[in-house]
Amino acid sequence: MEWVRCFTRNRWAWALVLPPLLFFLAFFVGPLLYLFFVSLHVESQTELYGSRLTLDNYLRVAGDPFYLLIIRRTLTAGLAVSGLSLLIGYPVALTMVRMPASRRSVFLMVLLFPLMVSNVIRAYGWIAILGRRGVVNNLLRDGGLIQAPLPLLYSVETVVVGLLTILLPYMIICLVNALLTVDRTLEEAAQALGAGPLRTFLHVTLPLSTPGIASGLLLVFLLTLSAYVTVQLLGGPQSKMLVGLVYDAVMTFIWPRAAALAFILLGISLGVTTLMLKGLRPQRVQGQG
Amino acid sequence: MTGAFAEADVALRGVTKSFGPVVAVDDLTLEIPRGIFLSLLGPSGCGKTTTLRLIAGFEQPSQGDIFIRGQRVNLVPAYRRDFSMVFQNFALFPHMTVANNVAFGLRMRRLPRDEREARVRETLALVHLAGFEDRYPRQLSGGQQQRVALARAIVVRPAVLLLDEPLGSLDRKLREEMQVELRQLQQEIGITTVFVTHDQEEALTLSDRVAIMNGGKIEQIATPRELYERPATDFVANFLGVSNIFDGRVAGRDGEDALITIGPIQVRVPWEAGLEMGGPIRVAVRPEKIRLGPHDEKEGLPARVRHVIYLGATTHFYLEGPEGQSLVVHVQNISPDTAPWTPGDEVSCHLEPKSVFVLRKG
Amino acid sequence: MRKESWALRMVDLLALLIILGPIAIVMLVSFSPSDFFAFPPRGLSLRWFREFFNLPSMRGAYLLSLEVALAASILATVLGTLASLFLARRRGAVVGVLNALFLSPLVFPTIIIGVALLLFFRRVGMPILPGLILAHVLIGTPYCIRSVLTSLQAFDVSLEEAGQSLGASPVRTFFLITLPLIRPGLLCGWLFAFIVSFGELNTALFLTGPGVTTLPIEIFAYLQFQGSQLVIAAASTLQICLIIVLVLTIERLVGLSSIVR
């Protein structure tokens, strides 16, 4: 009768998880699989996709220098944003970790608040600052320093700055979480053994914060890949990135091509994720490496 | 432990519980008659808490049957079994008042409100917490929380009351007070109680019967006195108090007694089946049952004093026996010169007759 | 040593400036009485807010965003709580896989979710509004799971056993004992799902349509096709105010420990 009891107890558990599981299968896993399925077909004028199978949609991208340029630009921008957010975010995280917990909570609130403001608004903020009739240009004009407004928007650099300011809080939060788990006594032990503050940081704190660095870099990079609105508004047509190509392809409703581009984007995400995790090996610190 | 099965309030038959490769409870059979206060005592990991949880229904036995009031309850889920439980951390519902905590079980049993309130008041008075109805658990001291947990458990008048080291988190003085109160309450109400503890004194103070557990098995169940005076196994003898162990030989039989030689002396133990004439036998004596006297060639076991520890009411002597064995003797300090020996002295140990018991393996 | 902490302080300030600066500028601009931004501001005016409420497209978008956020956050909370109950109590390889699955929308490129759902909804003929709500449920559920799971993991299981020992069935135990005590986590998760849905862009880009537009999409369209108009600033300020109110509510109800992750 053992199995009867096993089943009855488990029945509760499965009743609990079935609704969310079915939901995720139906509206997440399912559609993604369908999208992949479509990417392997030829296109069709009348239907969503044609009936023949092909790898053309992918191969076409791999062979096209235009696409490759865009991909290169996207990767560069992603790495720039991640790297800069790490450089700026790490000192901030260090400061926050040294604060008393109550003060730190306030700062976390301050960091979380902008994350809840829609990206379009935050991008608009930069337009208001850098646009032709924006703050910077107005100040320069009023000050008599220039005659015509400077075209500060619509470049890859602007996109990088904009994304950096939008995604920096994510990096800081990841780092703070990781640094909080670094046992203070380890740092003290290092100092007792004669290591000054800089060497303690380099040899103890920094390595132990690797999981946080890894998760921060990853998160920021992935979010950069997916940031359509910011790239559109701050980069304009001359700074198109992979995500923009995906959008354009979808708007043509040539589904197989759009699907392939989407999965190329996904593939790049997975590829970079794997590389980053292999390179940084955060599991060493977490005790499994 | 005797008692016809039908009279037992709680019975376990051949119950085994494994967690993967670990066997927590090993082929356990136990019967608890109505109204008895039974303690499950043993070192951590011995299976006492698991046994309690098996009775409660929070664990399912891998093998064997569990009965409450004669009804097999293996397939009955915990919330339908007729028991209640006091937890080690009290488990009071923090979002409910004391009254609502205590009334919870009555609510589940669909008692009408007037009756509920009356019983709650009555039970709170019983545990000396009248007037505390509207307080919240966080406003109470440890002892008070303990009493609320108890009230909550007994107000429903269950067949069995289970307690899982409920006094563990209280300080010593409070614990002793609560022990007395708990015992009085249990006797007043007459409820069958199973109490889990690792504290020997607590078990001995509170219980009608104590079951000493080790490695998932029951080493011995008996009254506190029997367990102490006549421990059945090595483990029990060493777990409850201290024992002086001797390896002797069966020298002869005299009526009901067996004659055992230990070194130069001879002692008597009750004869039991299986004793071989001339065969080896292990016996033991409690430290307070040895009388020390000045060195005597003809009587007593010779020993040399190694350490003396003065404890106020008693003095503990650590001695070395004739074959190098370590002996412990506790002497009551009746008068200042009761036990004047110092380390290095030669003395004679006189074992109280009828105080020697036989040890079985285990 | 002093020089080092001075440098650290500068970086901190820089970070705060670049993170909060753009948002502050938007809010300032929305009160500008004229068509462009002047510094120092030449007075305050509510002109653009009036303009916002006069535009049916803006009003409609704001209301729709509220509706969608409300519906999606409630559904996300229900699904998230169910999932959390399972994940908190069970062990095994399956739990690890399901945990990863349920939390993956957090790191998965949401733009691809939008594309996949658009195709899928086209194929099965899903109407626009429900489709959008479902997408936001998908995106909001991980936030609910994180929040409720944290609450559940801090929850003392012996309280549930105590309930059962007193005769409460698992269902009653959940509603009478567990639920009241994890309510902060639930509320926190719900608020997050609401806020995220309100400001969400990447799936709304694809899943909105004629007559069914969310506020962020409306703002985006305005910016793309009509250039920078200060009515956008007013719309933005309204959303920011909503966020501030809600964030303060979270703080009041729950405190921050459950949010940090």
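Descriptive notes on the structure:
Per-chain numbering from 1; labels A, B and C assigned in written order.
Here is the rule we go by: a contact is a pair of C-beta atoms (placed from the backbone, for glycine too) under 8 Å apart; a residue touches a chain by one contact, two chains touch by 3 or more.
Just so you know, these numbers come straight off a predicted model, no measurement behind them.
Central chain (C-alpha centroid nearest the global protein C-alpha centroid): C. When each chain is reduced to the average of its Cα atoms, B sits farthest from subunit A. Rounded to a whole number, the gap between the C-alpha centres of subunit A and subunit C is 17 angstrom.
One finds 61 Å separating the Cα centroids of subunit A and subunit B. With centres taken as mean Cα positions, subunit C sits 57 Å from subunit B.
Shared interface positions of subunit C, defined as residues touching 2 or more other chains, are 170.
By the touch criterion stated above, subunit A contacts subunit C in their complex at residues 12-13, 16-17, 19-21, 23-24, 27-32, 34-35, 38, 48, 88-89, 91-92, 94-95, 105, 108-114, 116-122, 124-129, 131, 133-135, 138-139, 142, 161, 164-165, 168-169, 172-173, 176-177, 197, 218-219, 222, 225-226, 228-229, 232-233, 243, 246-247, 250, 255, 258-259, 262-263, 265-266, 269. Subunit B makes touch with subunit C in their complex at residues 56-58, 77-80, 83-85, 87-89, 91-95, 104-105, 108-109, 152-153, 156, 162. Subunit C contributes residues 156, 158-159, 161-170, 172-173, 176-177, 180-181 to its touches with subunit B in the complex. Only residues 1, 4, 7-9, 11-12, 14-16, 18-23, 25-26, 29, 36-39, 78-80, 82-83, 85-86, 89-90, 98, 101-102, 104-105, 107, 109-113, 115-120, 122-123, 134-135, 137-138, 141, 170, 195-196, 198-202, 205-206, 215-216, 219-220, 223-224, 228, 232-233, 236, 239-240, 243-244, 246-247, 251, 255-256, 259-261 of subunit C touch subunit A when the two sit together in their complex.
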